[in-house]
Each structure stands twice: as structure tokens, then as C-alpha cells.
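Shared between the two complexes below is chain A, which has chain B as its partner in the first and chain C in the second.
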Partner chain A sequence: MELLLFNIFNGFIIGIFYALMALGLSMILGLNGIINFSHGGFLALGAYMAYSLAPAIGFWGALIVSPFLAGFVGLIVERVLIRPLYGRDPLFSLLLTFGLAMIMQDLIRTFWGATGLPFEVPNALTHPLSQVYFFITGYRVFLVALALLATASLFALLKFTRVGIRIRAGNADLEMVSALGINIYRLRAVNFSLGIFMAGLAGVLAAGRLGLTPTMGASLIMPSFVAIIVGGVGSLVGSLLGGIIIGVAAGITTTYYPAASDVVIYLIMAVVLIVRPRGLMGQEGLLE
Partner chain B sequence: MSKVLEAENLHTFYGKSHILYGVSLEVNEGEVVALLGRNGAGKTTTLRSLMGLTPPRQGRIRLFGQAATGWAPHRIARFGVGYVPEGRRIFGHLTVADNLRVPAATQGRWTLDTIYALFPRLAQRRTSKGSRLSGGEQEMLAIARALLLNPRFLILDEPSQGLAPVIVEDVMKTVQGMRDEGIAVLLVEQNAWLALSIADRAYVIDDGRVVHEGPASELAADEERVRELAGAGGKQTQRR
Partner chain C sequence: MKSAASRHVDAAKPADAMSSQKSTRRRVAASALVWALLLTAPYWLPLTGGYTDLGSRVLVFSLAALGLNLLLGFTGGLSFGHAAYFGLGAYGTGLMLKFVTHSTPLALLAGVALGGLGATLFGPVTVRRRGIYFAMITIAIGQMFYFVAVRWNSLTGGEDGLTGFERTNIHFGHAILNLHNSTIFYYFTLFFFAIGCAVVWSVLRSPLGHTFVAIRENQKRLRFLGVSVGFYLWIAFAISGFIAALAGALYALLNNFTSPEDLNWVLSGDFVIICVLGGMRTFWGPLVGSVIYVVVQDYLSSITVNWMSFIGAIFVLAVLFFPWGLLGFFQRRIQK
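Now for the complex of A and B:
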């Protein structure tokens, strides 16, 4: 029983990383029309920047600053590399972001080395909160809380601010948004950067839980795409749910049949695609 | 009289197909101008060219006396051109209130309050999703959204499309109200009788070329021609 709970909780944490990734991916796919294969690269970048910043500004400082730095790098990448590809065949942006992912991975190897690095979490967060449920450490609870806070803030921004409302309007009809006086180049840049911010945040949180490797982002990105498909393309709530569901499902599988824990993600995707092709929360007709 | 719009020799393409062949038109201050023509004649393409949504490959556009050729749609909109597109294209998954927060913020007579005063029905339905509105309410929302830019020039594409005659009456009154506010209007309308009844001048476009221009009353007098433009059933909703 404890082992099951342990694995469910572990799966839930991994699911949160998937969900944070999937949220950003989903936003970028929605408004920018880009399938961002380099998303994992930005996650790793956020993590490594936090690693390098932590000695200077501490864990808490790095936790706050790194996602913003990642978002800023995202802004530059969008302006220089992505922007010329809007309105072109999606193949161009697929190839670009795929190549970018590899370049980012190798840059990280060059600057920080190919071997894994540990990321120190403050002592206050490392103690288990319970004798029986030893796996519930302060850091994991903190991680869940922060991810929830970030997600809630993102949803509030999209729901209540003008820029958020314009992003949602643009998901449906970007041309109309431009005809209403909105600079859609700027809107897309802001949106891309927001998505990368979420990846950067996921990166810092993942660093404290999983440690740092140049491929940390690459190993999270495929499940994140699966999360979007399971949750439904075009629905942020769906991406969130999809991430948690496949994370927890993989966790449960680990308890009973560890070898299948990777496969189960894709099995869930297959079942969802057969039973409900639009995904759990997807809009009708988007991919049907 | 100062010019709101001067478009000269517009050539517009969709990909490789040539749609507009040298369209020129003008709108003066305080005017309602109708742009008529059969389906596929190039009316919507003309409006999209003016808005910068499908930029012409050739030709010149001046807005309020200033060269505006090649401007991005948002710049044109902010310069004072409101656009109410064919099919209304409101944001169906957003509430009425959120739809009205999309347009760029501008200074002027039109604010949320004055808009809700003009369209009380939208105020009542401000928390409803756009997709839940009736066709008439959607048209009002599309006009309201454009008005929030405080335009000096309003472009309307088929505002009567799919609306009951009573509602069409309301929409046309609103358009006339705009003129009284000093907003120039360029109106594309399938229903030629309707358009001519409120327009000052009219252009007829066919196969991407302007084939007629003149006072609306003059064109309206040529009943056979209007019947041809209006298609079957146009006469039934003629206003008196």
C-alpha cells in the first residue's frame, strides 16, 4: 500500500513536469502555430541557469530569476528564428525547433559538461513531513504548491487580463485580432515567451527533484506531447489533466509491472485516440 | 470635402489567382458608400485589401490623406478604420464583455459605457458566450467591437447576412446612425436595394473590376440593373 502511494505520488510529481511543459507547448501551438520541439531544451536551460545562479543568489533567487531568464531567451529566439516562419508550411518550424533542440542540448554539454549534476535544495525542504510516508518531503510539497500557483496565475492572466483575453481570442481567429488594432507579432512574442517561462520553471523544479543532465528536457518532451493529445489539443485544462493522468498512470504501473511504465503512457494515448479522438477536453472538429 | 479613403489601381491575388484587376475607389467624409456586385465579384477581397489583410500586390492606398500602402492591419485599424467582417467573426468562446476587451484601447466617444448604452441588449448579455448570441446580437457585437477603436471610417461586409428582416432594419438604422456621428461608411451588401436605400454613392464591381460608379439614387433608378445585382428575393426586403 505504501509502495503504491509512493509510486502514485512520484508519478504525480512527474505528471506535474509533463503538465507544466504541456501547458507551454499547448499555448505556443495554439497562438503561434508552432510545434515546439525545442521546449525541452528551454526546460534544461532554465535548470542549468538556476544551477549556475544558485551559488551567487541562492536557491530562492535562482528559482525566481531562471524562469524569467529562460523566457527572455525565448523572446530572442522567437524574434530571430521563429518569426520569419509564421504563415509558412509547418514543416519549416518543425525542422527548425527540432534542430534547435539538438543545438541547445550540445551547448549545455559544452558549457556545463555531459555528466549529470546535483542541484542542492535548501535543507529546510529536504526533510520528510511524515514518518510513515517518508516520500512526502518538504521539497515535493513545495514543488506541487508552486506548480499549482504558477498554473493558477497563468490561467488568471489568460482569463482576466487584456493580453490574456487577446491571446485566447487569437487562438480562435488571429487575423480578426489584428484587424482590431492589435499587433499580433508582439502578441505572439509575449505568448511564446510565456510558454517558455513555464518550461523554465518546470526545469528549475525538476532540477531539484531529478538532478541535471543535458537530456533532461528531451526525456520529458515526448510524454508532454502525449499529455496534450490525451488532454485534447487546444485545451489548456486538458493539457494539465493529461500530464497528471499519464504521470500517475506511469507511477501506478511502476508498482505492479515496472517494465511497462513507459509503454503505459502510449497505451493511454492509443485508447484515448480510439475512444475519443479529440482528447478529453479537446474541441470538436479541431483534428477530426 | 476631404477624403477618407483613396484606393488606386489595386491588384490583389490569392496565391496565384488574380482577383482584383485595378480597383479604384474613394470614400469622402460623411458618406455612406455601397460596394455592390455578384457573388465572387471581388467585394470581400476589396475590403480585405483595404484592411491590409490581403495586401494588394500593386496599387496605392491613402487613408485620411496619408499614404497607407503596405500598412499592417493593426496599424490601419488604429489609424481609425473599423472593420466588421463577413460572417461577423466574433470570438464565440469568449463572453460578450471579453469580446469587447480585445480591440486596442483608444481615446474618444466610444467606451464600454457608451457602447452598452447604444446596444442595451449587449449589456444584458455581457456574461454570455459569443456563440450563444443570436445572429442579430452577433452583428451588434461585431459593430460594437469595431466602434471601440473610435474609427473615423467603418468598413462593413454583408451586415444583413442571415438576419431576419426586422433585425436588418435595426442594423441599417445603426449604420445610418454612424454616418450621423460623422463616421464614413463603406458597405458591401448582397441586398442591393437595401444598400442603395441608405447609401450616398455606389460602386458596382464585376470580375475584379469597377464597372459602375455614381450616386446611389441614380443606380437605384435603374431597376433592372439593381434586380440583377440583388439576385432573386432582393426586392422583398426593400426599405421604403
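Now for the complex of A and C:
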């Protein structure tokens, strides 16, 4: 029983990484119309920058600064590489971000080395909070709380601020938004950068939990795709839900049949696709 | 996305009969040249610093990309998971040789059947959606097979890959086809490459092939005409899966080894870039792309540890500056 709870909780944590990734991917997919294969690269970049910054500005400083830096890099990448892709066949954005992912992984390996690095979290966060449920450490609770806070802020931003409202309007009808005199290029840049910010944040959090390797993003991105498909393209809540569902499902499977823990998320996806082709919360007619 | 496709109208639609005759003649000449080069490759490859097995690898990757291109370039189905069927073909062949039989043709058949039926089985799940969604689903399904191969240690050898099998000679009565010889294996591969070309070529000339192209150009209209677009996409998916599986089976025989990397989405990306580099609206595009890609990869990985960055740069630059590929580029220049 404790083992099951342990695995469910672990799966939940992993699910949060999937969900944060899927959230950013989903935003970029929605307004920019691009599947960002390099999202995992940005996650790793956020993590490694935090690793390098932490000795200078401490864990808390790195936690705040690193996602912003990742978002800034995202802004530049959007301007230089992504912008020429708007309105073109989705094939090209897939290929370009695919190549970008390879370049980023290779550069990270060159700068920081191929071997895994540990990321120190403050001592205050490493103690178990419960004697019985030893796996509930402060860091994991903190991680959940911070992810919740970030997600809530993002939703509030989309719901209440001017730029958020424009982003949502752009998702519904970009042409109309453009016709109303809003600079959609700037809007898309902001949106892309926001998505990358979420990836960077997920990267820092994942670094404290899983450690750093150049391939850390690559291993998280595929389940994030599955999370989007399961949750339904076009729905941010769906992406969150999808991420948590597949994370927990993988955790439960680890308890009973560890060998299938990677495969089970794809089986869930297949079932969802057969029963509800648009995903759990997908909208009709999007991206077809 | 449709607008981008229709702007670049198929090159095989000449303006008048005169130029039609001319372009037919040009195409026959080009094909004759391609086959002449392929048939003599073992003789001129060493002169250029290549080696016969590299030639076989180019053929295997061209064959896989040729199969993918039927779906990608001609039907407009954005599959980013074709390594799955390639890898299934490879594993089917390897497992058959290791555990069941020492007959190379039987093993090849088993690999093609496994990969092709895999594509046929999972086709209906993917073809319900189009565009980006289609791409994501094909990737995810491909990754499923990857993880099965990694985790099913006892059967597949896990991450280390499947070893302990070897292609065997084929006996025709007293005559022996010595497949251990690199040159003979090259011709063995070329034979199946020719079969793949013949299949794709005859499909493209048939009403079925015209339906595929019509799906790419305007699937909404086809739907109004009462054509079941999903059904035809499925057929395209299955045919291209069978061809990719054949390529995978040959790859397993070439290396006497298969690894989960043969199933990975990175390889799927390689197949797509091969189609794009050569020109995905052209018949010989996959072959040209494969020559460029395989040779460059082989060369880069021998001179630098950062070859991944260079390969990534090829992806980025091809998309930004060369989206219609080498052959597409020439074709459009000739038409002007």
C-alpha cells in the first residue's frame, strides 16, 4: 500500500513536469501554430542555467532568474527562426524545431558535459515531512505548490490582463485580432516566450528532482505530446489534466508491472484516441 | 497549410503537349541515368572514397524514405513516426533469424509482414486526424514501439539491441548467392529497392495514386465528392509502412544487428529530412536526399564529436532556404 502511494506520488510529481511542459507546448501550438520539438531543449537550458547561476545567486535566485533567461532566449529564437515559419506547412516547423532540439542538446553537452550533474536544493527542503510517508519531502511539496502557483498565475494572466485576453482572442480568430489593429507578431512572440518560460521553470524544478543530463528534455517531451493528445489540443486545462493523468498512470503501473511503465501512457493515448478522437477536452475543428 | 501545398502545383502537369513530350523524354533519361549509376555503384564508389556498405545504407534509407514519401510528399500525410515500421521490420527479421529459421528470405518476409501489418493496424487510429495532430499521433505511436523494444529485455536485448543473428547465403539448387559478400549484398538490396520503386511508381500512375495526390491538394473537395479520405489515407499509410518495413528488414541484414534506435523518433525525423532534402514532390527525391544525408552523416561523425549540431543545422537551413529540396529546386528552374 505504501509502495503504491509512493509510486502514485512520484508519478504525480513527474506528471507535473509533463503538465508544465504540455502547457507551454499547448500555448505555442495554439497561437503560433507550431509543434515545438525544441521545448525539451529549452527545459534543459533552464535547468543548466540554474545550475550555473546557483553558486552566484543561490537556489532561490536561480529559480527565479533562470526561467526568465530561458524565456528571453525563446524570444530571440522566435524572432530569428520561428517567425519565417508562420503560415507555412506544419511539416517545416516540425523539422526546424527538430533540428533546433538536436543543436541545443549538442551545445549543452559541449558546454556542461555529457555526464549527469546533481542540482543542490536548500537543506530546508530536503527533510521528509512525515515519518511514515518518508517520500513526502519538503522539496516535493514545494515543487507541487510552486507548479500550482505558476499555473494559477498563467491562467490569471490569460484571463485578466490585456495581453492574455488578446492571446485567447488570437487562439479563437487570429485574423480578426489582426484586423482590429493588434500586432499579432508581437503577440505571438510574447506567447512563445511565455511557453518557453514555463519550460524553463519545469527545467529548474526537474533539475532538483531528477538531476541534470543533456537529454533530460528529450526524455520529457514525448510524454508531454501524449499529455496534449490525451487532454485535447486547444485546451490548456486538458493539457494539465493529461500530464497529471499519464504521470499518475505510469506511477501506478510501476508498482505492479514496472516494465510497462513507459508503454502504458501510449496505451492510454491509443484508448483515448479511439474513444474520443479529439482528446478529453479537445475542441472541434482545431488545427485540422 | 493547404494554401502552401496548392501554391506549388505538382511538377508533373505540363502546359502543353510539346513540353509534355519533352518532359517525358527528360524524365526517362533521368531515370536511366539513376539506374545506370546504381547498377555500377560498387565499381565507382571506391574511387570517390566510399565503400560498398555505405552504398547499401544509402539504398536502405532511400527505400524507407521512398515509402514515407508516398505518404508525405504525394498524399500529404505528415508522418513523423515511420521509424516504427522500419524498426519493426528490422526486429522481425532479426528475431526470425535468431530464434526460428536460418533462411534469409523467410526472415525478410517476416520482417516486412511485422512492420507492414503494424502500419496497417495502427493506420486507422492516425488517419482520423490531419495536419499537426496526425504528426503528433504518429510520433507517439512510434515511441510506443520504441519503449516496448527497450523494456522487453528477454526478447529484444533491451537497450543494447538485438545481436546473435547473421544473414545467411541463399541456395538455388547448386547455385549459391553469397550474401556475406558486400558487393553481392549491395545488389541484393538494389533488387528490393527496385521492387519498392516499381510499387511506388505503379501506385502513383494508378487511379489510387491520383486519389492520393488529390487528398494532398484538396481533401475537403474530395470529401464533398463522397470519397472516403480516411480510407485512402489508411491505404497510403499501409503501403508506405510495408515499404519502410522492407527497408528495415534489409537494414537488419546489412548490419547483422538491430537496436531500439532503429525505432526511435530521431530516425523518423531523419527519414522526413531525407525526403525534404531531395525534394518531396518528386519521385527520385528520397534517393537524392538519402545520398546527401547518409554520406554527410557518415563523414561528419568521423571528423567531429559535434556532428549532431551540424545535422541539426542541416534541418534548420533546409527548412529556411531549401524547403522544396534539390530536385524540387531544379524542377522549378526548368519550368520557368
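Here, the second predicted complex is superposed on the first by the 285 of 288 C-alpha atoms of A that agree within 3 Å, B and C clash if a C-alpha of one lies under 4 Å from a C-alpha of the other, contacts with A are read in each partner's own complex, and residues count from 1 in each chain.
Note that contacts are C-beta pairs under 8 Å (C-beta built on N, C-alpha and C of every residue); 3 or more make two chains touch, one makes a residue touch a chain.
It should be emphasised that the depicted structure is a prediction, and the values quoted were computed from it without experimental measurement.
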{"item": "Touching partner for A:L143 - first (chain B), second (chain C), both, neither", "value": "neither"}
{"item": "First (chain B), second (chain C), both or neither touched by A:L95", "value": "second"}
{"item": "Touching partner for A:V65 - first (chain B), second (chain C), both, neither", "value": "neither"}
{"item": "Touching partner for A:I246 - first (chain B), second (chain C), both, neither", "value": "neither"}
{"item": "Partner with the higher number of touched chain A residues, chain C or chain B", "value": "C"}
{"item": "First, second, both or neither for A:M176, with chain B first and chain C second", "value": "first"}
{"item": "Chain B versus chain C as contact partner of A:I14, first or second or both or neither", "value": "neither"}
{"item": "Which superposed partner A:R166 touches (first chain B, second chain C, both, neither)", "value": "first"}
{"item": "Footprint of chain A on chain B - complex, ascending", "value": "51, 53, 72-74, 77-78, 83, 85, 89, 91-94, 98-99, 101-106, 145-146, 149"}
{"item": "List of chain A residues in touch with chain C within their complex", "value": "29, 33, 35, 81, 84-85, 87-92, 94-96, 98-103, 105-107, 110, 222, 225-226, 228-229, 233, 259-260, 262-263, 266-267, 269-270, 273-274, 277, 287-288"}
{"item": "Chain B-facing residues of chain A, complex", "value": "162, 165-166, 168-169, 172-173, 175-184"}
{"item": "Interfacial residue positions of chain C with respect to chain A in the complex", "value": "1, 3-5, 72, 78, 80, 125, 128-133, 135-137, 139-141, 143-144, 147-148, 150-153, 265, 269, 272-273, 276, 306, 308-309, 311-316, 318-320, 323"}
